[in-house]
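Two complexes follow with subunit A in common, the first pairing it with subunit B and the second with subunit C.
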Partner chain A sequence: MPLDRKIAYIDLTTGDIQTKPIPLDVRKKFLGGRGLDAYLLYNHTEKGCDPLGPKNTLMVSGGILTATCASATARTQIMANSPLTGLLGSANMGGFFAPEMAWAGFHHLVIKGKAKHPVYIYIHNGEIEIRDARDIWGKPVTDAQWAIRDDLGDQEVKSCVCGPAGENLVRFANVMTGIKNSGGRSGMGCVMGSKNLKGVAVRGTMDIKIARPTEALEYNKRFIDQIVSAKVNQTQGVLGTPFIWGATNSWGGIRCRNFQYNQCEYADDIEPERIDEICEETMGPYHMTGCFGCQVHCRAQYKIPEGPYAGVYDEGPEYTSQGAFGGETDTPRAITVLTGNHLVDKFGMDNLETGSLISWAMELYELGIITSKETDGLDLRFGNDDAVIEMIERICYRKGWLGDALADGGIAASEKIGKHSFDYLIQVKGMSNLHSDERATPALALNIATGSRGSDHLRSRPAIDLYHLPEEVLRKIYGNPVSYDGPLSSEHTEYIGKPWQVFWQENCYMGVDCLGICKYHTTFLGATLPNFEDWSKVIYYNTGLEMTPEEIWEVARRCNMIERLFNLREGLTRDDLKKGDMLNHRYFDEPCRRGAIDVVGKMIDKKKFIKMIDEFYEHKGLDQKGVPKPETLEVLGLENEPSHLV
Partner chain B sequence: MAKTLYIDYQKCTGCRLCELVCAVFHDGISNPARSRIKVMKWESEGLYIPMSCQQCQDAPCMNVCPVKAISRDEELGRIVVDYDVCIGCRACVAACPFGAMNFNAKDKQVFKCDLCDGDPQCVRFCEVKAIEYLEVDDMSIYKKRDAATRISVAGKEAVALQAAM
Partner chain C sequence: MTVEKEGLSTAESLRKARTYGKFRCHNPTCMERIQPEKGKKTAKCPTCGMEYRVHWVNPNLPRIRGPVWDVNRKLAEAKLKEMGVK
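This part shows the complex of A and B:
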C-alpha cells in the first residue's frame, strides 16, 4: 500500500530524533493533517503545560493526500497549545512546504523541547539535522528563508519560519513560507520562537507512490474542471480574495471602527478593482499566483506604488488585510492596506489579530480609556493611516507601553489596561474576530462563537448561507453523507436549522484539513464544490485506502471531538467570555448602524442564540455544559484518550 | 506539420501542477524530480519560468550522444531516447543548453519530454494556458498578434494623450 509515510519526533533540548511509520489503524481513525495533529497534541502535551515552555509540542504536518495527484494539496498544518489563548492553537497555510516535506520523507513532525541557541531543522530525503541558526535569527520572514537556502547551498529548499514577531514572542506571530503563505492564527510562530526554532527547511526527491495513477490523474482533471467552473473561484482567480471584502462591505457585513459600524464608507480606494489596478500597473497583466497544484490562483502580486516602501514586492493583499488595515481602522486607503500587508508579512504576524487589536485600541483611545500616555504620544484616532502603520511595527518589536501590551494579545492587554476595556474587545476564546460582522447572520455568529481555535471563519462558517439557496438544494448539500431531516432555512437572518449547518461545515472543514487540501476546493464559498463523496474516491485512487463518505464524516467528527477534549482539558467552559463558546455582549446589545435593508438594525437575539448553541451541542453529542456525553466518546472510539498509539 | 510546446512564462502562476502530472503520467509516481518540465522560480520577484525540452532541430543532446541513442521522431516533432542503445553516460545532460535532459538516479536513466505521445499532460492541466501545444510554424503568429496588440494600445494611448493636451 502506498501509505508508507512517517512521523518524526524531534526533541530540541536533547537533540534526540526518532522516526516512526504511521500505523494504518491510526490513519483510518484520524486520516492525517490537522486531525492526526489534534490526536498527537492531546497525547503529547500535559494538561496546563506552559505554551511558551519546552513541554509544549509543536506539530507540523501535511494531510493524507499531500503530494499525491489530488488537486491543491498544498496546505501545511501547524498545531500546539496556543500562547494567545491557552487553548487549541492551530493554523494552516498554502504554498509549497508540506508537499516538499512529503518528498523529503515525512508527513508529520512532533517538535518538543527548547534549543540552547537559535536553530533550524533541515530535512533532506529521510535525514533530519538540527542546524545553527544564530546568523539567521532576527531576519524577516523572506530574508530568513533565502539565508537558509544560502546556508545549505540549495535554491530549491522550501522552508517555514517565524519572523521577528515570533522571536519577540508576540502571542499571535505566524509561521510562514514563501512570500505570503501564513500559518497565521493563534500564535504558532510564537511557539517556534519560544523554542529557539527559527524554522524548518525541507528538500526532497523521494517518491510518493500513487495507488492507481491513471484514475488519480483523470479524477484530478475532473476535480479541477469542477473547481474552476465555479463562478466564485473564477472571480478569485482574477480579483483574489479582496472581492469577498468588496461584496460583504457593500452589503454591510464588515467591521468598521472596531465594532461601531458594519460597513466602511468611502472605500473606493480599497475596492477589489482598485487593488487589481495597482497589481496590474506594478506587475503587468498576469499578476496572479497560486499554491502547489492549485488552479484557483487566488493571490495577487504587487509592488508598493509609493511611500517609504515604494517598489517593494509582496503578494496579496488578502481580504483579511483589507479588513484589518483598511476597514476596521477606518483607513480605506490602498497604500495603507498594501503597506500594512507587507509589514505583517515581513515581521511574520497575524494580520487579522493585528488589525483587530489596533482598531480596538483606537476605540479605547477615542473613548479616553487609553490616552497619549499609553500610546507614547501617538494620535491613535480612527482614520489615522500613519498610526496604523506605526502600531504594526511597535507590536512586532514590543515598542512603547501599548505596543508591548498588545503584543501579549487582547485579553492580557485588557487586563493591563483595565477600565472596562475588555467590554470593547471583539474576540472569542482570547482570539480576535476577523474583520467580519456577524450581527445579521446568526449562522455565522454561531460559527465564530464555537470555533475550536477561537473567533474564526475557517473552522465552521456556512458561508453559502448568504446565497439564499432553495431549501431542496440545502437539503442535498447538508443531508449528505449522513441524513438530516430537521429544519433548514434559506433565510440568512434566521436561527432555524443553522446549528446543523455549522455542525456540517465543521466536519467538512476538518475533512479538508485532514486531507491537506484548500478550503476553496470544497463547500466553503461555492455551493457546487466537492466534498465527502468525492474525497472518498480521491483518497482511494491516490492512496489505496478505502473509506466511505460516511467513514470520512466519522473521522471528521472524531477529530473535532479530540480538539474539543483538548480545549475542555485546558479550561474551556461554555459561557466563559474569555475561554468559552460565547460572544461579546455587543453582538446582543448594539444594532447594526449601516448596510442593506436586511442588515441595518440587526443584532443577535441572545435567547435564540443560546438555543442555537444547545442545538449545536446536541448535534455534536455534547451535554448542555458542552462536555461530550460518554456514549458520544464511545461511538467515536475516544473513550480511552489519551491512548498513545503514536 | 508537427506541434510543439509553446510556453508563455508571463501567464505561469507558479503552481507546478505540470510537474506533478508529468511525473504521475510517465512514472505513476508523484515526485517533481521525475518531471520532464520544471518551473524555475525567483520568488522574491514573483517570476516563474517553466523549462522543458525545445525539441531542437540541431539537437546538442543528439549530436553529443556517443552511441547514437538519441534521434528525431519527425512525425511528432520530438527528440527521443532509445533506451536499448543508451549507455547512461549523461553526455546529453551536460550538453543540453536548457537543462531539459535529466538523469534519474533511482532508475539510472536519462529522461526528457516526449510530448506524451501527442497529448502533453502539462498543457492539458494548465488552466491559465501558460503552456500550449501549437503547430511549430504557427508559433510566431501568436507572438506577432501579442506584439501588434501592444503597439495598437500604445498608439491609442498616444492619441488620447495628445487629445488631452
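This part shows the complex of A and C:
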C-alpha cells in the first residue's frame, strides 16, 4: 500500500538512522509530500537555527500518490530553513527520483547533522547506509550521478545531488536529479552542501499495492484524457514550457533590464518556436521527453549549436531560463539562453535567482552604483552576452568580488554594496522575483507578495486569471470544493475578487504538492484540469484513504498554515521589505512602458493592493498583522503545534 | 463518506467550454476572440488593432507567436505619449 511507505530519520553527525511508519492520523492531517514536510520542518527545527548549521533539518519526500497508478506522480519535494531567506526553504522537482524512493520503501527523509567528510545516502529496499563521497565531491551534477551509479555498480540507481554551487555554499544552489530537473529556489542544494551531503541515491523494487487497481487504472484513463486533450498541454508537448515565456512577453508581462521594461522587444531568436527549431536541428524531430508517469512531455532536449560549448547536450530550456538569461539581461539570443541554461544545470544553481541577480547588477553598473572595480573589469552593461555567461561561473565558484557577493543572495549583496542598491533589488522575502512583471496583473502581484517561500509563481498564482474566463466559469472553479459567493472578475487588470483566487490557488497547489503530482496536471495553466474533486477519487482508488474534496481542501489549508507558522517564527512581519508580504516600490511608482496598448502605463495601486492583502489574510484566517487567529488554529487542529506526532 | 464513482467533476464538466481554432487578443481590456485563417502567419485584432504573428501548434490549434513588433510598438508609444509618460 502507498500508505505503508515509511519515514527515515538520518543523523549525519552520529550516523544514527531510524525508520518509522507514518501513522494514519498524520496522513489524514497532512497527506504527504510538501504538506507533511512542512509539519516535520516546524517540529524538527529550532527557532532561529542557522540554515547552514547542523541543526537545520533537510526533508526529502514524495507525495502520497507517488509511484501509484495515478498520473505524473514524479515530483520530489525538498524542504529546510532557507539559507537564502532565513524563512521557509522549499523546492519541488520532476524526474524519476521520488517514485524510485517509494519503491525503495520510503516517502519521507528527515536529514539532520553534518558529516565529517563528504558522504551520500544510499537507500535500497528498506535499507539505508551512509557512504563515502570524497571521490564524488566537486563533480558537476550529471557526472556526480554517474559516479554514484558506478560506485554502486547499478546503472538504474536514481539520485538527487548538489552540484559545485551547493558545495560552495551558493545560497541559491539547487538539489538536482537527472540532467536538468531542479529542486530550485531558496537554496536547498546549499543546505545539502553545508551538511557535507553530496546526494541521496535510491533503488527500489518493493511492490506498492494499489487499493483498487481496476478502478485506479480506469479512472486514470479519464484523468489522462482530460489532461492531454487540454490545449495548454498539447502546446507544451510541442513547444515545452518556453511557450509560457513567449506568450507572456507578447503582451508585456515579463521583466526586461531588471525592472526597467515589461517586454523584451524583437526577441524572435528566443521565442519558443525558434528554440524548438534548434532542438529539432540538433536532436531530430522527436526531441521532447517527460518525467515519470507523465503524458505531457514538456521537456525539450537539445545540443548547444555553436560557441565554446558547441555539441554539449542538455534539456530544456524552461521558460525560466529564457527569462533569466534572455529577457532580464536583455540578451535575447538563443545561444546565450541555451548556454546559460546548461551552466546552471551543470553547477546546480537556480536559474531564476542567477539571472535576476545578474540583471540587478547590470542595472547597478549602468547607474554607476557598482563600477569595474567591483566587477573586476567585466563590462556588465545590459545586452552583453559574454558577461552573462561569465557571471554564472563567477557566482558558482565565488570568483571575484561581485561573484562572491552575489553568491550570498540579493539582500546580503545589497548590504555589501550599499548606495541604495536595495531599492533596485526585485525580490520578496529575500528571494528574487521570477522573470515576470506583475504591474498589470494585481492577482499575480498579490501571489508573489504572499508566497510562502518568497516571490514565487508556483505557490498561489492564479494564472488562469489571464484567460478572460466568463464569470460563471470562474464561479464553477473557484466555488469548489467550498462555496464562495463573493465577487469575481474576468478582468485581469482588476483587483476585485483576486484575494479569493489567490487563496484558492494556494490551497490547490498545496494539495497537488501533497499528492506528488505535477502542477501542469491541475488548475495552473489550464482551467479545465483536475483538482480537489478529481483528487478525492484518485486518492481513494490508489490508497484506499477516503477523503472528501472538502477534507483535502482542509488539509491544504492546514499545511499552508504550518508554513505560515514557520515563517512567523523565523521573523516574517507583514510590511517588512526583506521578510514580509510586500513588493518593491517600483511596482507602485514606475509605469509599464511596453506591451499591449492597455498594459502601457499600468502599475499597482498601493491602496488597493494593501486592501487585497487584508482580504487575503481574512480568507486565510489571519489577523491584520498576518498572524493566525486562535480560532483558525483551532479549526485546523494546529493549536498545539509543535505537536511532535512524527 | 461517499466517493462518487460516476458523473463528471467540475473540471470535466468545463471541458465543453474549450474553444478551438481561436485565440484571444492579448490586449487586456480587449480580449477579443480572434479566429485566424487556417495556416495564416499573422492576424489582426478587429477591435483594438493589435497585430500578431501566429504559430500553428497543429492544424487546429493556433497560438500567438508574438506581436508584429513594429505595429504594436507604435501603438504602445502612442499610448505612452497620450498618457504623458516619459
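One rule holds in what follows: the second predicted complex is superposed on the first by the 644 of 646 C-alpha atoms of A that agree within 3 Å, B and C clash if a C-alpha of one lies under 4 Å from a C-alpha of the other, contacts with A are read in each partner's own complex, and residues count from 1 in each chain.
The working rule: contacts are C-beta pairs under 8 Å (C-beta built on N, C-alpha and C of every residue); 3 or more make two chains touch, one makes a residue touch a chain.
As the structure is a computational prediction, the values presented were derived from the model and not from experiment.
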item	value
Three-chain arrangement built on subunit A, subunit B and subunit C clash or fit	fit
First (subunit B), second (subunit C), both or neither touched by A:His468	second
Subunit B versus subunit C as contact partner of A:Ala334, first or second or both or neither	neither
Subunit B versus subunit C as contact partner of A:Leu446, first or second or both or neither	neither
Subunit B versus subunit C as contact partner of A:Leu239, first or second or both or neither	second
Larger contact residue set on subunit A - subunit B or subunit C	C
Subunit B versus subunit C as contact partner of A:Thr205, first or second or both or neither	first
Touching partner for A:Ala98 - first (subunit B), second (subunit C), both, neither	neither
Partner chain(s) touched by A:Ala80 [first = subunit B, second = subunit C, both, neither]	neither
Following superposition on chain A: angle at subunit A, subunit B versus subunit C, Cα, nearest 10°	80
First (subunit B), second (subunit C), both or neither touched by A:Leu622	neither
Distance in angstrom between the closest Cα atoms of subunit C and subunit B, superposition on A	14
Complex contacts: residues of subunit A adjacent to subunit C	215, 222, 226, 229-231, 234-235, 238-239, 243, 246-247, 249-252, 265-268, 271, 273, 440, 467-468, 473, 476-477, 480, 491-493, 523, 527-531, 533-534, 536-537, 540, 546-548, 551, 591, 593-601
Subunit B residues touching subunit A - in the complex, by the definition given at the top	10-17, 20-21, 24-25, 28-34, 43-46, 48, 106, 121, 124-125, 127-128
Subunit A-touching residues of subunit C, taken from the complex the two chains share	1, 3-5, 9-15, 17-18, 20, 24, 26-31, 48, 50, 52, 55, 57-58, 61, 63-67, 69, 72-73, 75-76, 79-80, 83, 85
Complex contact set, residues of subunit A against subunit B	67-69, 71, 96, 103, 142, 146, 178-179, 205-210, 213, 216-217, 220-221, 224, 228, 283-295, 297, 301, 313, 315
